[in-house]
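To keep things clear, I will list the structure first and then write my remarks on it.
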Amino acid sequence: MIIVLKSGASDREIDEVARRVRALGYSPHVIRGEVRTVIGAVGDERGKEDLLSLENLECVETVQRILQPFKLASREIKREPTVVRVNGVAIGGTKVAVMAGPCSVESREQVLEVASKVKAAGASVLRGGAFKPRTSPYAFQGLEAEGLKLLAEAKRETGLPVVTEVMEPEKVELVAEYADILQIGARNIQNFSLLKRVAESRRPVLLKRGMATSIQEWLLSAEYILSGGNPNVILCERGIRTFETTTRFTLDLNAIPVLKRLTHLPVLVDPSHGTGHWEYVEAMARAGVAAGADGLLVEVHPRPAEALSDGPQSLKPERFAELMSRLRRVALAVDRDL
Amino acid sequence: MIIVLKSGASDREIDEVARRVRALGYSPHVIRGEVRTVIGAVGDERGKEDLLSLENLECVETVQRILQPFKLASREIKREPTVVRVNGVAIGGTKVAVMAGPCSVESREQVLEVASKVKAAGASVLRGGAFKPRTSPYAFQGLEAEGLKLLAEAKRETGLPVVTEVMEPEKVELVAEYADILQIGARNIQNFSLLKRVAESRRPVLLKRGMATSIQEWLLSAEYILSGGNPNVILCERGIRTFETTTRFTLDLNAIPVLKRLTHLPVLVDPSHGTGHWEYVEAMARAGVAAGADGLLVEVHPRPAEALSDGPQSLKPERFAELMSRLRRVALAVDRDL
Amino acid sequence: MIIVLKSGASDREIDEVARRVRALGYSPHVIRGEVRTVIGAVGDERGKEDLLSLENLECVETVQRILQPFKLASREIKREPTVVRVNGVAIGGTKVAVMAGPCSVESREQVLEVASKVKAAGASVLRGGAFKPRTSPYAFQGLEAEGLKLLAEAKRETGLPVVTEVMEPEKVELVAEYADILQIGARNIQNFSLLKRVAESRRPVLLKRGMATSIQEWLLSAEYILSGGNPNVILCERGIRTFETTTRFTLDLNAIPVLKRLTHLPVLVDPSHGTGHWEYVEAMARAGVAAGADGLLVEVHPRPAEALSDGPQSLKPERFAELMSRLRRVALAVDRDL
Amino acid sequence: MIIVLKSGASDREIDEVARRVRALGYSPHVIRGEVRTVIGAVGDERGKEDLLSLENLECVETVQRILQPFKLASREIKREPTVVRVNGVAIGGTKVAVMAGPCSVESREQVLEVASKVKAAGASVLRGGAFKPRTSPYAFQGLEAEGLKLLAEAKRETGLPVVTEVMEPEKVELVAEYADILQIGARNIQNFSLLKRVAESRRPVLLKRGMATSIQEWLLSAEYILSGGNPNVILCERGIRTFETTTRFTLDLNAIPVLKRLTHLPVLVDPSHGTGHWEYVEAMARAGVAAGADGLLVEVHPRPAEALSDGPQSLKPERFAELMSRLRRVALAVDRDL
């Protein structure tokens, strides 16, 4: 880290800071500038915060990080891209993986109909929520355990592996009985107890970015899972919160090239939640693939205007099928397949 | 809600939307404007979302809410302010309640020293973290159960009731054995499983705003606790995430008058997390009281430069004592006491 | 607009609001709901704000807009897309228009070298700054009039039309002597005096979105130019300000499908300013084209590490040539050409 | 600045970066860490950007600033607070200066009535807009030159000095004939041509923060005026744009203690624009004073529900008088007067 001293810091103060840097196990390197003195603290600072508290000293202006604070998620540790394999589906390889299905599992008919239609259109994973994090306590909260069973039935019928959300540590075991991929939702990105538990489960994890989560924080949440012994982490950009209100969130596709530079983990994009409006899903799905995403998460519902959740952003199965055929062309244009 | 149709919507389409509105239990009220037709859906929309899915119809432009979606948290339901009472301390009354203590409980000496000093300076509740939500898996994660016991000891010695964070549903019972107030941290504001469990505990809850939580969403999270049968909810503004980087977060004091208009629940302010820097704590603490806050949450550490977490934003006990004497003057100037 | 009254509004108050609505030239339409009364004010509210001031009445909770406030920019007024033609280049047609060149014009050699190289790679317009809006007064402020002459020389040599920024009303005439397209920079998006002056010039205008400009405000700025008699407006998304700091701004590609729905004006994307880093330019350029952009603005410099401005985000000419060949494939995959 | 190299940078690359640092006039200081090499570039980097372009070198990860980029605005250059004196009113001294009046000058009667009433209540400067920056071209654009004359008449009648906005360089001379303080509005914070012109006028300048302007950029805009030879700059916080929509903007009071640390310039707060709603003005005005603001800007209108602009956020004169008497108590509680 770099410790910037206030202008006018005395020699005694500089020595005192250097002493503390040494005491914390780093080697101090003093550079006296024209206006300020800065002290470089040499050592492996990744994952450490002890130097930051030096900011409380009267003579210190700021303490700045030099290294990214994550290790196992970093491309410096592992150069080649991670490919997560789920029931024969590779996520992070040449083929763009499309996960599609309803926001919520609402009934047997609904989930079976959607599953067979998204499979026919070329989706490789079935998505669907059984436990639903809802902003209002009065909104539909999901079919819970019953929903998990319906997803399992849809999997048996179609052969599609299933991704579904788990919301609390105690439910990880239950959900892992039915799900091939455990989804951590945006609202739980810093639910560290839950991250530790899904790490133990060893099941592949789809880790959605929170609506105000910086890319650095996101990779630190991934680091909780990786350092807990589970290497199968898939990242999913789903929109951040900004001042713009014509879209529900601002899908941040910039995250794709940034992540490709910083990490070896595969990156998905969710244009349904990211925009909140079905008319914008296709454009952003195409853009995600063109930017280098390894896959997509798309909401499909047979009758969106009657959906119990997220109707405005769901595609009808026919539109989804059209989307897939257009997406294939974009994938080929960037040397991927679909 | 107000359903705005696209310009050029046909009579048949208008009738179809009206039919669906009726089917969902609302009474449609069609207004044909010069440019567009809008349909008012009359009925109690609070806590309901079914009308929103109509946005998926081709002829619908947008669906806009008219009513706030929360009920029990609303001042329309309960006019008089809620006062939460904890061991003789009233939160939400005339007296501004100050909760102070270290970010993390680090040792017996540390917590006992801080507790006696903040009590002497006039604090009425002791804060301190035993379970710590840390961005990095490599950072100090708290003393956990041992930390709870040290807080209990500090309470016995000083008489100060204790507020401490609980991070997962399974731990609510354990934490409630020691804590007088259960804190839900910013990162768990939409951890709905946790909200349901603290509702059941009946223990007063300090509900911190998330870093990207709108005021409406925040009150819906409070609604989870209230509708779960626990009326003792205290809100705490702690800074939102914006583009500005000179402060760690942007403490949003505007939330105070907005909340005073919308809800009867007491509102606290946390200038330590809100600014992330000890030099800004006093100004923002004074501003919070002047804006009408019912209390403050302030981090105090005997040796901040050696703190295991949040050193940059912690006050030394002497500074805290000065802060309290200056705050008292501001409190009196707005007809409160401290 | 929809005027939402506070709960408990009396009949007398409702009548008074209705009277004022009528006095402002709208026809009031009262809907008495279970909890609140709302009054629809029927009439053409576009471009009007008089009803908004009713929010100051004690009995009024909020006043909500129903219609978009712009007219000439709207697709409701003009269904078919606008194509802006500049020296034989069509912007908004099937072919994706690429405008490339240095951030600042620095010297004759630099601008001529870049111009011939971007032309060879397939760019159709030369960009380059002569008047530069710089955050710091101590930074290089551009070659000004001398820079305009160099751009004109580059145009003569290559045949490429020129887009360059104009920063103040008094300079519009001078810049229009040399530029084929007048650029309004992000910092001047709400410099209304400047907008009025470029409207009068009748020269095509490239209107960049401001870093905190909502899409609605952006289209209202376009409306200043359109209603001033200049129909040749090209919009350019160049990144908005969010909390994320790994990119200089957050390029908001969601704006493309949103704008395609709301307006008939062509939409460009600037991945150089949007990301602030050359390594991210290609991914975001591809994504922009895939999302439906009508063109791109790309910074190219022969020796970026020595650039007087925006070096970190500039491409070397060789990389730009590679980018163009990859972009062509993406353009074809979405039924465009390049 | 600190130049962080990519891990694995070779000795040859390190030497090359050091050579370039030297060529730009800085002295390079190489620190080889365990994971990365960083190079400190020692020299006065304030106001310079040349080193930043080194980020384009393949071996460079990032270039980080150490010093604040402004000079004349800095407290390191001038320790004692600047007091701006206008017609006997001191801004930046012990007394909190309150500038009040209508958003727009609408008529002779309106401005004279407001002027006499705000004076009676204790305001020390009259505010009022003659040239109005309006988001929509169809909205009332101000009385322009006629409005300036009415402000001058109000000044003659009440003795209050006048602050009013100037929107374009060509109008600076005209506005300066009538105004005691030139206001630069939020939308013109980076209208550098305008900043240079008001610098030349030598008239005191009220510089409002833009809605997405970082504090560092704001002080660089002040630096344009200071370095242009005009030392009389007053800063005014007026709300930034965030995701929260219950207030029109998010008034960022954190800026007050941050600015008091970084600069010697006086700081005002505008709670009317900051919140956009009259019911929130008083709480935020009190909070601003408690946080250490040197003054306030408050909108007052005799009949806000009929105002031609900003009606929702304007106070009636009676409410303003009450606000003043309550504010006085807060001012005294923080050792100021009003």
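Note that the chains are named A, B, C and D in the order they appear, and that numbering of residues resets to 1 at the start of each chain.
Everything below uses one rule, namely that contacts are C-beta pairs under 8 Å (C-beta built on N, C-alpha and C of every residue); 3 or more make two chains touch, one makes a residue touch a chain.
The model shown is predicted, which means the values in this text are computed figures rather than measured ones.
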Between A-C and B-C, more contacting C-beta pairs sit at A-C
Relative to chain B, the most remote chain by C-alpha centroid is chain C
Dup interface of B-D (contact pairs over half shared, numbering-based), picked from A-D, A-C or A-B, is A-C
Chain centres from averaged Cα atoms put chain B and chain C apart, in whole Å, by 38
Taking each chain's centre as the mean of its CA atoms, chain C sits from chain D at a distance in Å of 25
The distance between the C-alpha centres of chain A and chain C, rounded to whole Å, is 30
Residues of chain C that touch two or more other chains sit at 46, 212, 241-243, 245
Per the touch rule, the chain A residues reaching chain B in their complex are 20, 46-50, 52-57, 63, 69-70, 133-140, 167-171, 187-188, 190-194, 210-212, 217, 220, 223-224, 227-228, 240-241, 277-278, 304-309, 311-312, 314
In the complex, chain B touches chain C at residues 2, 4, 7, 29, 31-36, 38, 40, 42-44, 46, 64, 66-67, 76, 241-243, 245
Note: in the complex, chain B contacts chain D through residues 212, 214-216, 240, 242-247, 250-258, 260-262, 274-275, 279-280, 282-284, 286-292, 326, 329-330, 332-334
